[in-house]
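Chain lettering (A, B, C and D) follows the sequence in which the chains are written, and residue indices restart at 1 in each chain.
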Amino acid sequence: MLLEKTLRSRLAEKDILLMTHIVLGYPSLATNRQVISQMVAGGVDCIEMQIPFSEPMADGPVILKANQESLALGTTVAACMAFGREMTGQYDIPFLFMTYYNIIFKYGEERFFKDCQSAGIKGLIIPDLPPEMGEEFFRLATRYQVAPILIFAPTSTERRMAELNRSAAGFIYCVARRGVTGKQSEFDDDFDAYLARCRAATDLPLAVGFGIRNKKDVAAITGKADIAVIGSETIRLVDEQGTEAVGPFIMGLR
Amino acid sequence: MLLEKTLRSRLAEKDILLMTHIVLGYPSLATNRQVISQMVAGGVDCIEMQIPFSEPMADGPVILKANQESLALGTTVAACMAFGREMTGQYDIPFLFMTYYNIIFKYGEERFFKDCQSAGIKGLIIPDLPPEMGEEFFRLATRYQVAPILIFAPTSTERRMAELNRSAAGFIYCVARRGVTGKQSEFDDDFDAYLARCRAATDLPLAVGFGIRNKKDVAAITGKADIAVIGSETIRLVDEQGTEAVGPFIMGLR
Amino acid sequence: MENKGFFGKWGGAFIPEILHETFEQLDSNFRQAKEDPQFWQEYLDLMSTYSCRPTPLTFAENLTNHFGGAKIYIKREDLNHTGAHKANNVIGQGLLVKRMGKKRVIAETGAGQHGVATATMAAKFGLECTVYMGEVDVQRQRPNVFWMEKMGATVISVKDGSRTLKDAINEAFRDWVTNVDTTHYVLGTACGPAPFPEMVSWFQSIIGVEAKRQILARHGKLPARVYACVGGGSNAMGIFQGFLDSPEVELIGVEAGGKGIDTGRHASRLCGRDASPGVAQGYKTMFLQNNDGQMLETHSVAAGLDYVGVSPILSHLAEEKRVRFASATDDEVIEALDLTMRMEGIIPALESAHGFVQAFKEAPQLGRDEAIIINQSGRGDKDIFTIAHAFDDPSWKEFIIARGKEYAEDKKGKS
Amino acid sequence: MENKGFFGKWGGAFIPEILHETFEQLDSNFRQAKEDPQFWQEYLDLMSTYSCRPTPLTFAENLTNHFGGAKIYIKREDLNHTGAHKANNVIGQGLLVKRMGKKRVIAETGAGQHGVATATMAAKFGLECTVYMGEVDVQRQRPNVFWMEKMGATVISVKDGSRTLKDAINEAFRDWVTNVDTTHYVLGTACGPAPFPEMVSWFQSIIGVEAKRQILARHGKLPARVYACVGGGSNAMGIFQGFLDSPEVELIGVEAGGKGIDTGRHASRLCGRDASPGVAQGYKTMFLQNNDGQMLETHSVAAGLDYVGVSPILSHLAEEKRVRFASATDDEVIEALDLTMRMEGIIPALESAHGFVQAFKEAPQLGRDEAIIINQSGRGDKDIFTIAHAFDDPSWKEFIIARGKEYAEDKKGKS
């Protein structure tokens, strides 16, 4: 099933969906397995798996460190692809890959899409690939039915949002604020106005990410957006309290 | 008696005269007294007493150090003048002051000459005062009958020697070689040629200084010059063997 | 941007969405400036009154005689204010910042020269300034850190990744996406997302324009070859632009050969076989990366050349065979530096010395009626800790030991 | 020499007889050169191709606004090759050495700038080179020592007397009288026996000639005042000569006030009351000396100003009241340096910063339609050890401690 459709059918049952994030290979693929199992058990609706890259320019300190340690431990793109295939075979929620464009470019764009499709990956989040830089990429995305998730930012104009929307599929990832991943965001009036602009620009579901850490944050966007993205927070949790803490944490979010 | 006359009368009796050098106040005026007494006992014909100066530009390491230590111990120009008076009163050989021009300039030129005259000082050696810089100085020298000893150097041309000779009195100090005090000189054919040029340029007695250290050096210039100047060597001697070594050293030179 | 910032297949602007508007603004301001002769005139005025442009073209007579071939001329970017060609770019961007009305600048720096230049410009233009610098580079270019701080800049030591230039760039981008409204990122070389490669090259073209005029006046004809070291590629692009239109002038870029091109411990992207096309830090070029697209550790004695990427414009010119690339090892660099100091009384920066190495290899092959130009991108003063170390200078070491003890005792005394 | 090298009652040539012929030769070569327009043209050519002349005149807009008085212009001698005005003199003397056919040069140095400049010139002209430097100065200007050695010069640390500039001069003279036939003594400032004061001033006059032309072009009229620091007096003489004939331009020389003019720990010869006329180091001028004529210890944070004597030409101009003298203390200097770095992105040498101090005191008293020029004789990079120390910079200290330990362990390892 296409990503958007899957999400919409889940949205029919829930006020807000939860998407979580992990960095593949950090601290190990074995731990990733446990964490994902906890997440699924906790009820997440979608999981974004980051293929580590040596230059994660849009990520903050927590994810940056996870990327570096994963690579230092020898995580390869092939291993990530295989891991994705394993997860999609095991769990009935959509899995996405998040990574930077160079990973795909080096892998070979078409090969990457082909492998994603066959691995059952539903979408790709590539923060450093704006549509005007990825003609071939977006063509292939349509062809292989792997949704290219695009990003709206508080600095995006209406015109830009419309432009992005034309290339997007699955959902739109609305970055909650300026900055990188892993820091607190304010869900205030300005944020509401921004989200309203996003809503007006697209018919796709809206995910909100950057700085969502707890039930209160999730509540703050419920009714305004469709998906809450929990990123660095679960990495912190696993680092500090171990994988077992993830399930209860997810369950406590809604 | 005028310096030149005194020297000539001594020359009537000896093949070569000896002039020695001390730095006043180094290592102390008391030691200077002992050294001078040894020198006189040893038969020197003339003593050159250096009034220490902080910038002894024409002196090598041994005398430079002696100048600095003397000053560090508090030697004053007044004390040097008094010491000179004491020595001329005590010993019947000519005493000269050697110093740099600033000492005289600061003291007051006329006052300096007056005091020298009254202290019985017979001549002055000022290595940084060429005649063209010292009109008043040379006028006063004549007036107060304190001989301005001028210096010939191996680099001096005939013309220059003639010019210097016009302002000189007492004797001419022929610097044996390029350089500063305290290093070995070669008394070779070049030296002989140089000394012949000196001889031709003046009727005054010729002293040879810089690098005369032992009997052999004195012998090398005997017959060619009138006075052998022993400078740094006695300082070294006193430093290493004490004042008592000076008399025998001097006696062994001729 | 009509060609979307591509040069052949290289370049582009692979940037996070949050920066989109800022790049639009930057690009349009840059386009306006580029078409406005008054802007360039203001730039020239500033460069000739605040820095020392035109910088001289020095005839290296002794080196010429030593090698017995082409006449060796040196373009003296080391005489710029702050001691390197970096000033050209930074003052230019400073004028753009004034146009855009931003109040804060950030920069990455490797050798520290770009950081010092940016801190200087920020002081002069009254801007707040933060400089990101890899921890490894902070160590080897400590004097530059000191001066940046004294000029009022905040220097942030980047402890991620290889702790060199590329990591400083990442960190600067992280700052930029956070403070995008107030802040301009003064990128220090002809790399990064469009319009930076074109823009930085434009400001640096002042070198080539001058050099062409100067060599014609002095030598009566164009040089046979022009040499420049290539880190990001800005000084090379700067001087090459004076001669790109003259196919008879051969252009040679010299990359960091580090411990040797076969050891893997180098930073040669356009010569050697370790680099491949990639997209990172916002642009597509030849990167030193593994098969997965992960960037490799690079090495060079010269912090300013120790970088995984290279100007997309140079990747294009390499592909078109308009520019030839060579590399110089650390050891060759120290040797060329030594020779240049002793024969000409000139101290090239370690970066610049790479260009000298290749020029020295080739000069003897050329006729005496030919001329070559080496771009001396900067002066070596900044490298004293590295150079003294490389020469294993005993009295320098004694001096540092003594000073270190003194400070250590002070500290003990106080605590 | 018609006036025997005197300026009023100051100057002359009080030299050991052994140097007489060499001075005759030097003087006649200098006279010929001075009358030969081709010589000056050759000099200009070299200065504009090897160094970066004309050096810019920078309008210090931020400082001007900060003080709210006269427009402050800075003459940028720091942008010369080797980083100070010393290059002007040294290249000039180098050309004379070529004329005289000598093969070896010696020099004294305080700040190390003159030593570096001489070593540089010697490298370029293929001359042997020995530099004398007081032990105290070797310590505080270590980087310069390193560069001199790298350029092939022998640096001799002088351990006599106060172990500063004056002792280095004595030692250079001792070398000269020894090697008079082969060697030229490249005196570094407008002091010493005639013809040095006149000759050095002549070469440095290039500063004033340029500055006058530049200020007229930029400001439309002559400046109200011109400030320069005064060590030996060469940079001051250099810039003052552009304006000596214009009585409406006030000329201000700034000496080292050290710990304060009343503490005795300073190097102020022409202001303050500690100096008196004297004759030393070959010339007559105002010296810091006691009643017996023994030179005093001097003190300044700036090695290049830490000297007992001063140019006889300046003593004369002081007596004639054509030049006014002031002093700046070490603390004031550090403060002015700090302000200049932060506001203009310019790092004056500690020596030069003395001129800035006095200019800053006086600028607010002048009208906004007036201009003043400060001669920035050199750049502060060389002073990093002193400046970092003065600012008590903790991360610099940590860095030096760490490096020191590393080297100390290396040494242990080897022995």
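Descriptive notes on the structure:
The rule is simple: a contact is a pair of C-beta atoms (placed from the backbone, for glycine too) under 8 Å apart; a residue touches a chain by one contact, two chains touch by 3 or more.
These numbers come from a predicted model, not from an experiment.
Both subunit A and subunit D are touched by C. Path length between subunit A and subunit B in the touching-chain graph (shortest route): 3.
The greatest centre-to-centre distance from subunit B, using averaged C-alpha positions, is reached by A. For the pair subunit A and subunit C, the distance between C-alpha centroids works out to 37 Å. Distance between subunit B and subunit C, defined via averaged C-alpha coordinates, is recorded as 65 Å. If you average the Cα atoms of subunit C and of subunit D, the two centres end up 32 Å apart. If touching chains are joined by edges, the resulting network of the protein chains shown is an open path. Chain pairs recorded as touching, per the definition above, are A-C, B-D, C-D. Of all residues in subunit D, only 48-52, 55-59, 62, 76, 79-83, 119-124, 126, 139, 142-143, 145-147, 149-152, 338, 341-347, 381-382, 384-385, 387-388, 391, 393, 395-397, 399-405, 407-408, 410-411 touch subunit C in the complex they form.
Considering their complex, residues 4, 12-22, 160-161, 166, 170, 173-174, 177-181, 276-282, 284, 287, 289, 291-295 of subunit C touch subunit A.
Of all the residues in subunit A, the ones that touch subunit C in their complex are 53-60, 64-65, 68, 71, 76-77, 100-103, 105-107, 127-130, 132-133, 150-157, 160, 164, 175, 178-180.
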